[in-house]
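Below you'll find the structure I mean.
Chains: A, B, C, D and E, in written order; residue numbering restarts at 1 for each.
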Amino acid sequence: MAAVYSVRTRTAASTFAFVVALVLVLALFAAPAFVSRGLIQDLFFILTMLTLAQFWNLLAGYGGLVSVGQQAFVGLGAYALYGAVILGGVDPVVSILLAGIAALILAVPTAFFAFRLQGAYFAIGTWVIAEVARLSVAQWRSVGGGTGTSLPRDALKEMILVEWIGDLFDTRASAARDILAYWLALVLAVLTIAGIYWLLRTKRGLALAAVRDNTEAAKSVGVDAGRMKWLVFLTSAFGTGLAGGLIYLQKARISPDAAFSVVDWTAYVIFIVVIGGIGTIEGPILGVIVFFILQNMLADYGSWYLMVLGLIGIVVMLFAPRGLWGLISEKTGLQLFPVRRRLVGGSLKGREG
Amino acid sequence: MSILSLHNVSKAFGSLTVTDDVTFDVPDGQALGIIGPNGAGKSTLFNLITGNLLPDAGTIRFDGRDVTREPAMRRCLSGVGRSFQIPQPFEKLTVFENLVVAATHGRGLSETEVTGICAGVLERTGLLRKANEPAGRLSLLERKRLELSRAMATGPKLLLLDEIAGGLTDGECKSLIETIQGIREEGVTIIWIEHVLHALISVVERLLVLDFGKVIAIGEPSQIMESREVREIYLGIDV
Amino acid sequence: MIWVDTIVQGVLLGGLYALFAAGLSLVFGIMRLVNLAHGDLIVLGAYLILVVVTVLGLHPFIAVLLAAPIMFVLGWLLQKIVLNRTLGEDILPPLLVTFGLSVVIQNALLEGFSADSQRISVGALETASLPVGPVTVGVMPLLTFLSAVAVIIALNQLFYRTAIGRAFRATSDDPVTASLMGVRPDRVFATATAIALVVVTIAALYLGTRANFDPSVGPARLIYAFEAVIIGGLGSLWGTLAGGVIIGVAQTVGAAINPEWQILAGHVAFLLVLLIRPQGLFPRGG
Amino acid sequence: QGARIRIGYVTPQSGPLAAFAEADPFILEGFEATAAGANFEVIVKDSQSNPNRAAEVAQELIVDDEIDLMLVASTPETTNPVTTTCENEGIPCISTVAPWQPWFIGQQGNPGDPASWQPFDYAYHFFWGLEDVIAVFTNMWGQLDTNKSVGGLFPNDGDGNAWGDPNVGFPPVLNELGYTLTDPGRYQNLTDDFTAQINAFKQNNVEIVTGVVIPPDFTTFWTQAKQQGFTPKAASIGKAILFPQAVEALGDTGHNLSSEVWWSPSHPFSSSLNGMTAGELAEGFTQATGRQWTQPIGFVHALFEVAADAMSRVDDAGDPDAVAEAIAATELNTIVGPLAWNGAGLPPFAARNVAKTPLVGGQWRRRDGGGYDLVIVDNQTAPDIPTGGSMEAIEG
Amino acid sequence: MNALLETRRLTANYGDFQALFGVDIRLNRGETVAIIGANGAGKTTLMRSITGVLKNQADQVVHDGVEIGHLPADTIMKRGIAMVPEGRKLFPSLSVEENLVIGGQHKGGSDLGDRIDSIISRFTGAPDPMELAQGHDGRGYWSLDTIYELFPILRERRDNPGTALSGGQQQMVAIGRALMSNPDVILCDEISLGLAPIVIRDIYAALPKIKETGASVIVVEQDIGQAMAVADRVYCMMEGRVTLEGRPSEISRDDIHAAYFGAAA
């Protein structure tokens, strides 16, 4: 007699989106074969910023942890990579993993400290920690101290896969390195989005949403809100560290002021997430594209560019606080990454929620 | 054997003592009703039992363990389920998802294992029609029913209900009583705060009266209702 | 001897930081607004004073009297038109909007005044000093510190002795109930920001006379100002002074050990205080 | 000929370093007006004084604009990321306005390990080095009667670390020349208090202060020093007092501060592009903009001189190796002096990539009626360049 | 006869959640009206709508013949409608005396901000706060002295922080604070909540004195007996609707129970 129920998450739009995404990712993988190197570099920039934005969004949009200190993880990740390559002679590609791990290690004491703080205090606390990290790394003489340093050219030349890619596409080593970095960025971005989407579809993702809606009630139904915070913070730090390592692998030059820049690695990232739409996976994707277009259109106008960027940020926050994707999904109800679980079956047969 | 026992528990907000040296036991499987005027400290008592608030003094034991300092989430896992007097749904989640959170985390089960449980609870509480509706769009009565459903979904040994019968029609009230009776028969211990006395009395075996944070009477419902003191303090209306 | 000097200079430096922080503290204390543009507003104030000094040929100390009302109106409009819309539970809107504002102010100044270093000159006063016991103390740093104390006394008087201060505190406690008392929270907030910008103008005078400034120097000091506010405790103006002094002394003592540690020592002092007292040293009503 | 040669030029047009780029439009106009200039298309990109941005625009120039040659100027913060990018991309690059040590060593993986240093294949730099500035400074100090006790202000940045370096910086040379150096340590830029340094200097009876300081920090230091009763006989400072506006910001206390002079209107050189003398170029700038001349003007101009000269000697501008070879073979008399990458005056590791230009010493002198003039007071390092006076001690 | 204060088909929402569904109540001059109802019935929401804390359509609330539903809370207060909020809501940063003073600090549209807005309104066509607040100058019987006379204990505790008082004393401060503006209408939301019967008696003893000075009163109560005792008329609310209206003498206990709980006893 017991009715049979099941849960459905997919929608027609999401199935379509999934197919499109799959095709898009395959196309992006194949891109180096038929697009210019300039485009590959632009795509690299877009993909790494997208990764950073997704992780910040996970932190702030899903975890409610508004951090202004993500540059700590970018910078530390990047420096870990340089340390491993320069001092340890490790292959740069392998060192990217070390970048993530270094960021993760920094994240543990940071979280211990920052979780004692709330709201604005948390934001400023993370910022100060990032400053401390910057100033400390600036004392690390063997990777150049405050001067910064470059990746040794030998290490770049001997990087794994580069030769193979060079042969494959018949290009110079520098272009082959770009392609390798681009592929790594693509893998990282796809894994990030897939991973976050997966997380949101698990019971932990649901708990995250519950904590965001009502922390007291969430605790009362057995959700470990504290552990959710740790999970989100550490995951973001790890991913941000990986992205940081990759970004500076591609740049091949580092300095503390650049690698720990609050403007480049946190403010712009916040801008991307907010413009696109915080608390959605689609938002940062849209945001990074808008950001990239703005930068390309206006970057040659120097201070005017930055003024326009600042004004757009203000206007969006004031008049469309849920971002561009918020506007779109409000109008159309569109969701490319649905997480809503709909109960079907039993007496609900055929009914849609 | 008592599943819950409070011993000299006190709680104050600043200068206001809201729970004043409260001591009582609840035997396993019993249903206890709590009554008392507004502001007597009933909901606060619940918050102390669930761990949403920590007491200033005294000890709370649940299921044979001292849980006085345990966080709410741990207590939920060991079997304390509750409803909030002012409904606290996860507004952006659907009704069904509200229950899924409770069932997966409250019982430590996986998502696939709880679909049936959640649907079953919704069937019992009559919220099934609304299963896929965001909880933020529910009316007050539906929210109260969601509170009950979500508490049930955590699979509690002890269920704390805070004013869930207010504003129901006769028929609705009857079916609510049946639902709660049903839960009791499954062996769940129940503590129920309610102003709708006839509903309360038709379920509970014992009644506890709270006034100014103090337990002023505890015992058989009929006896309690007879006592002049209670009538005066609680009902307010001279009968 | 050197240690006495180090600490005295640290305290005076703390006065500068407290002055940077006082306006921030007022705004943060009343409406929990994290104003990332505060440092740039100080720089804006410095340019305003500079313009008044150059155009009208006034002494900087007199020019402040002219600049302050302009900044007051600016603050009022800024809060009323822009920032009031960002207030609420969520800290992200104020963060992003004031960051946007910071970028806009910096680049507008860059367009207007170029990246050249500027300085507001107070003539011989710049290098004047007084022997105080075993140490010599610069007159300007001393004036900075005394101004910080004066500003904090004045703000405290305003806060605890006047009708507007009552409205500040009431609105800070509970804007909804305050509106039931005939207080309009958005106006109270606008007034608070306006007053904060008057304090900013005073801070700008000392920023502009102490060293060179250009459109980009604002954010570097912002973090010290925030630290001073947070160390001091939400809403405590004397706490803000104490916070500034703690950071100032930590910096000079750190530097005396090794200049490498100067700025780091300030941050570490901040982290240590927060580790021990997350709510700050003297939180209001806490 | 057909297609014009494409040159990328990265420069800090906005941000804190913008003063370095202030003459760019003037120089570029001048360059385009010359006969050689017509063969070139110059694509200018703003680094926004941000090293990240500098690397990005360098990439853009190489990949999107497909430039044949990169030019870059003004501080290691701009030159190093751009040069590194070019080297990795195999695009020839000429850079200037950064002492060669922070430029060369600063781009090595491990600056602390000379054995690991490697020369560049495509990157060429012309400017002076620390050995020159040390010689100029000590020559100037030699004109005064001092106790030879020097205090150093070296920040933890590209310049400061190079100047203060115990192997290639000031310390070993000063030691050799009989000076004692008080170096309290690397401070961070934008420090608000220099009490620690002042106390250390006072304690060691320092009479000479030197360092490479950003302008706001020097103002802070100098003002505090005066307030705390510390006045050295000489203060020879790099970077901070490069531009007249920065000296004016010091009010009256800028008088007789000394600094290295890499270029001035009285340098006896002229342009290979249009024959202008140094004096004429400076005058032209003042007429065009109404502003006082500054030192980068000559070097930015020279950058284009070298570019035009090298490119005139290659057949295929699109062949990076040929272009690099042509640059290496340069022998040109420019507005900043004779230039050749012949290794003169350089250690072997840098010989291939660096060409040195002459350096002399100057002092800022208060002008009657306001403003300051830079007067050359020591030319022992480059006797061709005439002096305008001799070194004077700072009065307390 | 014109009502002093009236709500017409008043609705209110909290986000997606509708809390009031077309509530009509009226208060005549000199009257005391009680509003009763179970927890969550919408009583406080009704008070918040009248006082402008929640925004409404202009015509949903009418005071003295003027539509005020759209006005901000401070303008409504300056028209002479004061509120003793649920839970007392004293300002913890203010002393007892300051809590009282702030209640009378702004009366009638007279502060600088209002004057500026009034001038601006001439150009923008926005409502003129000075005009809207006219007709109530806030002068009258109540002052610090008369309030200390009414609640003598407050004079002794005048310098204490408001929150250091007992619940009953806090309630006195909240009432005094509302009286300081000498309102025409005073709204009291659950002033007996959490107080001992003897304290409740003290507080209700002040009601006649308040009425004497010309104020009309709305009390929100869950204590039905108390409500019946003081009110000229009673409204009972349930689930955001008025389910019963009448004079205390005319309503039976069963009526109340039905209206109150929905189910018969």
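Quick notes on this one:
Everything below uses one rule, namely that contacts are C-beta pairs under 8 Å (C-beta built on N, C-alpha and C of every residue); 3 or more make two chains touch, one makes a residue touch a chain.
Because the structure is predicted, anything quoted here is derived from the model rather than measured.
The fewest steps needed to get from subunit B to subunit E, moving only between touching chains, is 1. Chain centre most remote from that of subunit C: B (centre = mean of CA atoms).
Centroids built from CA atoms put subunit E at 41 Å from subunit C. Per-chain Cα centroids separate subunit D from subunit E by 74 Å. In subunit B, 91 are the positions where the chain touches two or more neighbouring chains simultaneously. Residue positions 14, 156, 186, 188 of subunit D each touch two or more of the other chains. Under the contact definition stated at the top, the residues of subunit C that touch 2 or more other chains are 107, 110, 260, 263.
Here the chains touching each other pair up as A-B, A-C, A-D, B-E, C-D, C-E. Contact residues on subunit D toward subunit C in their complex (touch as defined above): 14-19, 22, 49, 156, 184-188, 190-193, 195-197, 199, 203, 215-217, 219-220, 223-224, 226-229, 243, 245-246, 248-253.
By the touch rule above, subunit C contacts subunit A in their complex via residues 28, 32, 34, 82, 85-86, 91-93, 95-97, 99-104, 106-108, 110-111, 223, 226-227, 230, 260, 263-264, 267-268, 270-271, 274-275, 278. Remark: subunit A residues 2-3, 5-7, 202-203, 206-207, 209-210, 212-214, 216-225, 340-343, 345-348, 351-353 touch subunit B in the complex. Those residues of subunit C that touch subunit E in the complex are listed here as 163, 166-167, 169-170, 172-174, 176-184, 187, 284-285.
Subunit E contributes residues 15-19, 38-41, 163-167, 190, 193-197, 222-226, 228, 238-240, 253, 261-265 to its touches with subunit B in the complex.
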